[in-house]
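Paired with chain B in one complex and with chain C in the other, chain A is shared by the two complexes that follow.
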Partner chain A sequence: MGLWRYAARRLVQIAGLFYVILTVLFIVFRLAPGDPVERMVDPSMDPEDAEVLMAQLGLDRPVGVQYLYYLKNFVSGDMGISFHYGEPVAEIIADRLPNTVLLFTSSTILAAVVGVLLGKRASWSKGRSTDTVLTFSALATHTVFLPWLALLLIWLFAYRLGWFPITGMVSEDVWLDPGATWWTRAVDVAHHMVLPLASLFLIQFGTFLLVMRSSMLETLKEDYILTARAKGLPERVIRNHHAAPNAALPVLTTIGLSLAFSINGGAITETVFTWPGIGRELVLAVSQNDYPLAQASFLLIAAVVLLANLVVDLLYAVLDPRIRY
Partner chain B sequence: MAAILGRVRFAWLVPMVLAVLGTAGPSSHAADLLKVGLPDEPKTLNVFRASGRWSGRVLALMYQPLLVRDPETLELIPWLAAEMPVYDPEAVTYTVRLREANWSDGSPVTAGDVAFTGRVIREFKVPKYYSKWKFVTRIDTPDDRTVVFHLSGPKAVFLSRTLATPIVPAKEWTRAVEAARKKEKPLRSLMNHRPKTLLSSGPFVLKEWRKGAYLYLVRNDRFFGRGQEIAGRTLGPHIDGILLKFFGTSDAAILALKKGTIDMFWWGIQPGYIEDLERDPNIQLYRCERSALYYMGFNLRKPPFDDVAFRRAVATLVDKQFIIRRILQGMGEEMDTVVPPGNQLWCCPDPRTYGKGLGRADRVRAAYRLLKEAGYSWDVPPVNDRGEVVKGRGIRYPDGRPMQPWTILTPPTDYDPLRAMSGTIIQGWLQDLGIPASARPMAFSALLQQVKTRRDFDAFILAYGSLSLDPDYLRSFFHSDNDKPRGWNMSGYVNPEYDRLAEAAASTIDTQERRRLVWQMQRIVAEDVPYLPLYNPTLVEAVRKGRFGGWVKTLGGIGNLWSFCELKPL
Partner chain C sequence: MPLVVVDGLTVGYWTAGGMAPAVEDVSFTLEKGESLGLVGESGCGKTTLGKALLRLLPPNGRVLAGEIRFDGEDLLAKTEAEMREVRWGKIAMIFQAAMNALNPVHRVGDQIAEAVRAHGPGLGRDAVRERVLELFRLVGIPEQRLRDYPHQYSGGMKQRAIIAMALACRPKLVIADEPTTALDVIVQAQILDEIQRLQRKLGVSLVFISHDIAVVADVCHWIGVMYAGHLVEHGPRDEVLGDPGHPYTRALLASYPTLAGLRRALEPIPGELPNLLDMPPGCRFSGRCSRSRPECRDRKPGWSVLSPSHRVLCPWAKEDR
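Coming up: the complex of A and B.
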């Protein structure tokens, strides 16, 4: 089977799976405890007002009818109106998603690059102090409690040293200044991004380092590495040209999925750093039973993860000549 | 050479880093701009949709009502109204004369705006306001500054609630209202309308809302109160504007306050932070009473809670002072009635209390006595033959049936640790008496659904963080008509005498007479204990010293309209 036929077959499978996810999400949110209206009412309102609110949110209809509307809206590209914002869900996601992608994709790429390089180095120095230090650092930062790390970074670098803003994505001094250029604003966002990026990097890079190290150690046992050594090739060439490319294949899966999940953001990071991304919105939407926003966010994540899996599989075939579909 | 090349390769980073660090300094043009930290962002600035706390607080700085509360006396005083409304008991009308006021674009606030607001609420049945306007049968505007409200009957809440509704500018909303009328779901269309600009009749006007980052309000130079004396206060605003910044956690907001990034954190400071902030020479703490009610509710539809003797025994066991001392770290006051003590106008001074001043052993003895007199029995009584308090076991109903285990639902610790811990402590006190109670933290939305919608519960601990100053909620909480799904009578309390008093109070215009009725209602609730009021936490708010002066303390804190109208840069 050719690569394109394989891709087409997988796309059909993905479409089927996506429909299942679409339906499961609908059912899960209707079964989940909580009432979207209860947090919108106060004791000065009559119970009838709550019923009116239910009707406005479309929740007075039978569940089957709600489901049909849900499917119809999805097919027509309408993700509904957020219960709490009163805005189209698509606009809320379009507003928040770029912020999340900027932060989390940057951190994933940075962590992947550094993790792979250091993992390569650690495996090459197996048993020596470099390996011990790198492996220990990876394990330590990978297992650290994220909110604690984030608050520690804020306290040290923002509060004590004053090098970075405490939270947020932009500074009002810059963005309210009519004379500010796009460059000033870009720098301002970069400035705000340093601490959340650092905390995400510290949490993530250990994963890539450990995967790369372990993959490299396996690869170094292969016969072609022995052959390369027997040919008298320099260690640097063996490491970088013979071992690393083959060892990087498992890392590719980790990177692909990490990038896919990066659109999910991270509720903790976004909350502690008040980063206006999709992760925090998703958590709020779930906790406040904002069905349209929560469903659309999860659907987006599902779509990206499914497609990322397909891309990784196709990349395998491109990068490894032994793999053919 | 390689090292030099390496340095050159990354040389571009140097100006970037310098540029980045260069933006770290404080603003040079923010001298008279009040920077306020909020724990959450407003969800919408559509006044007809806004149900959240933050949307309401921001809108309250722009859309003004006809009457507001004096911050000291808490009495209603004219605001957009020029004087207090004139009541005609024969015609059942209120006539309101408007003061001379303008919208932020310079056009006058007219009787037409007031009538438009009321008519839209009534026509569309806007859920947030409809219950406050449904008894208004007609609104006349004999001239541009006079409004006559015709009521279906005397309504006590007309002044405190109907006339506290924010007045919207007709010209800004007319198009949206007309478009909504043509839609299949007019109310939905109205509630989903997103106003692009907001005319303001208040002290501030919206300049920019950068979603997820900040909301910037500038001084409204056309604010009617500017330079006027109202309630004995000469109003401003004297500041250039208010910048509301959003913070995901209290930790970050408090660090920002200590650092000077914000001037005020508009949220109650948790007890754990107070000591640290008190030590900071740059921080000023304000302690205010709240209009809050933290309480334990019972499901009176089922045993053992359908027995008033049992509820009184539970009330006797619960040591509110202990909860305030140990859990709230002294930052709260005991509540004996469901109206907060700070609401002096309506809080009943002499409700029945239970176990007040007693130690733990004496509380157990008193509760034991109450239950024993009501016919309850134990396998192992909590008070032995020598009168000593021991661990009770196996409580039985008067008919001899053993009491089945029951639960006290509380919010989870991540939502409100104080209520969760209160539940655990109360559980221990009940178990000491042999009552098989256990506290169960539950996700807040699920808890509300279980208690208010499904009514499938035994007991619960909930709270109203910001009760209206008008005591009409007493009718909502305990009138038998509200014992229905989504109704506010969650306990299922039914008392015809109480219903009669509640209805009488709702239609009594005379304040003294209404107060007598409201006090009587509170006495009945204290006797029957459908709710057991627990505590009213003290609101502690923090501001930077040396930036702005003139904060106005009132019930509910210093973050209020009066403060923002009176603050002056120091």
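Coming up: the complex of A and C.
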């Protein structure tokens, strides 16, 4: 099938790109300032012990050899031991990844759905007050500074009103209680997720709204819309059945791009809300010169962005019959 | 009773420079089963006229004066909901650049079925499908192309599909706006034959809009020539082509090549269409007319009646013949 062959070809391209990213990351980390050993070891440790430690970590080898080890370890799935946690990086990642995926998939899907629906409404009432209000809110929330918004939400809803927890993803008492059902635990996580989800949603939905709106306005100029009108179809059918499916295509691209954004926005969101995800781990790892963990997090993000774009391209083929690979 | 009566129709567009009268004081009638070809350069108001008949003008367009009666009913007095019944149910329109008139994300068969369903409530799935198949046979598209998307069709097939769609609800009138302009000449000839055949077979009336007087001459019983928003000549095809009364019609005929007939140099019409916002008070063609008299510019031209059914918006039409 054409689609599968296309997917396979793209996967090969992605693998190539991924190798480039892998190498760039290796170089960047070796150029970065700061000596990891100084962080790991007590300054009073004597130099000989420090050298033993360097040898254990492989940091005394020539850079070329380090690079080959790096590649070999990556291929065999060994991401190294985190300097900071002293645990295998793969385990840390496996532990944090689901939390990040949960937060970002929900916020992106929610923002895309709401943004598309409101964008449709805005374009349909172009120039009237509904449109003005929607476009203005989209621009306002889109341009807000994320950390400020996050802190504002925490201050208002968690600190002043006390509706939501201030930090974290779970309440210890619920999760340590052996009698708690999965349902109470799920509710607990959802309760913690409201504020981070809300801030990501608010930052993201405006983009979708604006893209959908302008795309709808373009689509409405098409001849097939005029024909649909001439066919005597009700406005609702013209909007939802004829205009929206065509207008939604550029929104898909935005979802792919916004995923890349949401991940670096994610580092901020996760840090502000102390959400135990990859983004927060990445910030910690970088600030502590935890090479293995930071490298692995970066690689993971790269992989997610590359794959998300592949998924978007494949979705295009599903939604637009003109696109066949 | 004529099927279509257009009387003193004036349509304007609100623009930054004021109200632009795109169509002014246009009157004609069309009997059931007959066809009228509207010709003129781009910008002369033919498309505006077509859209006004279906009340599909863009938001800045307004009917300023006049009357449109269809089958005895006043179309301008209808509500939007009543108009939806008329659209496609009684009057179907094939738009300019019809290649883009099919929605790219829906199957061709479904788009035609949609029109059938919109105006035939209560039709079952099988009845709708049967009607769509019937329409496909009517315009000569193989059945198995029913489930194809528009981009899988050739230009000529798309045009056939659109004709099928236009006929879906057995309309009394079809307005075809430059339906063959984007097609190559051979396909164009086929589509024109098809339109003519179906028009006769089904007895629908046709308003055929084109910039190409040769195309109109092929298809239509009646010809209306438009210039800068005015209908300047209206009459039976043979009279208009054989004995054109308006200097513009003559110039238009002289500027087109013919295959039959004598080989001669083509004569382009000098000058351009006047600006709609700044029209001469008298005859709108006076600035480009080779037979223009001093008073043409300032005095509204009167009609000359060349035969009971052939009239020309030029007071000198008889003298200059």
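What we mean here is this: the second predicted complex is superposed on the first by the 308 of 325 C-alpha atoms of A that agree within 3 Å, B and C clash if a C-alpha of one lies under 4 Å from a C-alpha of the other, contacts with A are read in each partner's own complex, and residues count from 1 in each chain.
The rule is simple: a residue touches a chain if its C-beta (ideal position, glycine included) is under 8 Å from a C-beta of that chain, and two chains touch if they have at least 3 such contacts.
Only a predicted model underlies this, so the values are computations on that prediction, with no experimental measurement involved.
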Based on the shared chain A superposition, would you classify chain B and chain C as clashing or fitting together?
fit
Is A:G77 in contact with chain B, with chain C, with both, or with neither (first, second, both, neither)?
neither
Touching A:H242 in the superposition: chain B (first), chain C (second), both, neither?
second
For A:G2 in the superposed arrangement: first (chain B), second (chain C), both or neither?
neither
Looking at chain A, does chain C or chain B touch more of its residues?
B
First (chain B), second (chain C), both or neither: which does A:E222 touch?
second
Chain B versus chain C as contact partner of A:G179, first or second or both or neither
neither
Which of chain B and chain C A:R322 touches, first, second, both or neither
second
Contact-wise, after the overlay, does A:P62 reach chain B, chain C, both or neither (first, second, both, neither)?
neither
Looking at the overlay, what does A:G232 touch: chain B (first), chain C (second), both, or neither?
second
Give me, in Å and rounded to a whole number, the least C-alpha distance separating chain B from chain C in the superposition.
22
Across the two complexes, what residues of chain A are contacted by chain B and by chain C?
none
In the complex, chain B residues that touch chain A:
16, 19-21, 23-24, 26-27, 29-30, 43-44, 46, 49, 51-52, 125, 127-128, 130-132, 157, 161, 185, 187-188, 191-192, 194, 208, 210-214, 216, 243, 245-249, 251-252, 255-256, 258-259, 261, 443-446, 448-450, 452-453, 464, 467-468, 472-473, 476-477, 482, 484-488
Contact set on chain C toward chain A in their complex:
54, 56, 83-89, 92-93, 95-98, 100-106, 114-115, 118-119, 149, 151, 162, 165
Tell me, which parts of chain A touch chain C in their complex?
222-224, 226-234, 241-242, 245-246, 319-322
If we count contacts the way the header does, which residues on chain A are in touch with chain B in the complex?
33-35, 37-47, 49-53, 56, 81, 84-87, 95-96, 99, 151, 154-155, 158-159, 162-176, 184, 187-188, 190-191, 194, 270-276, 280, 287-289
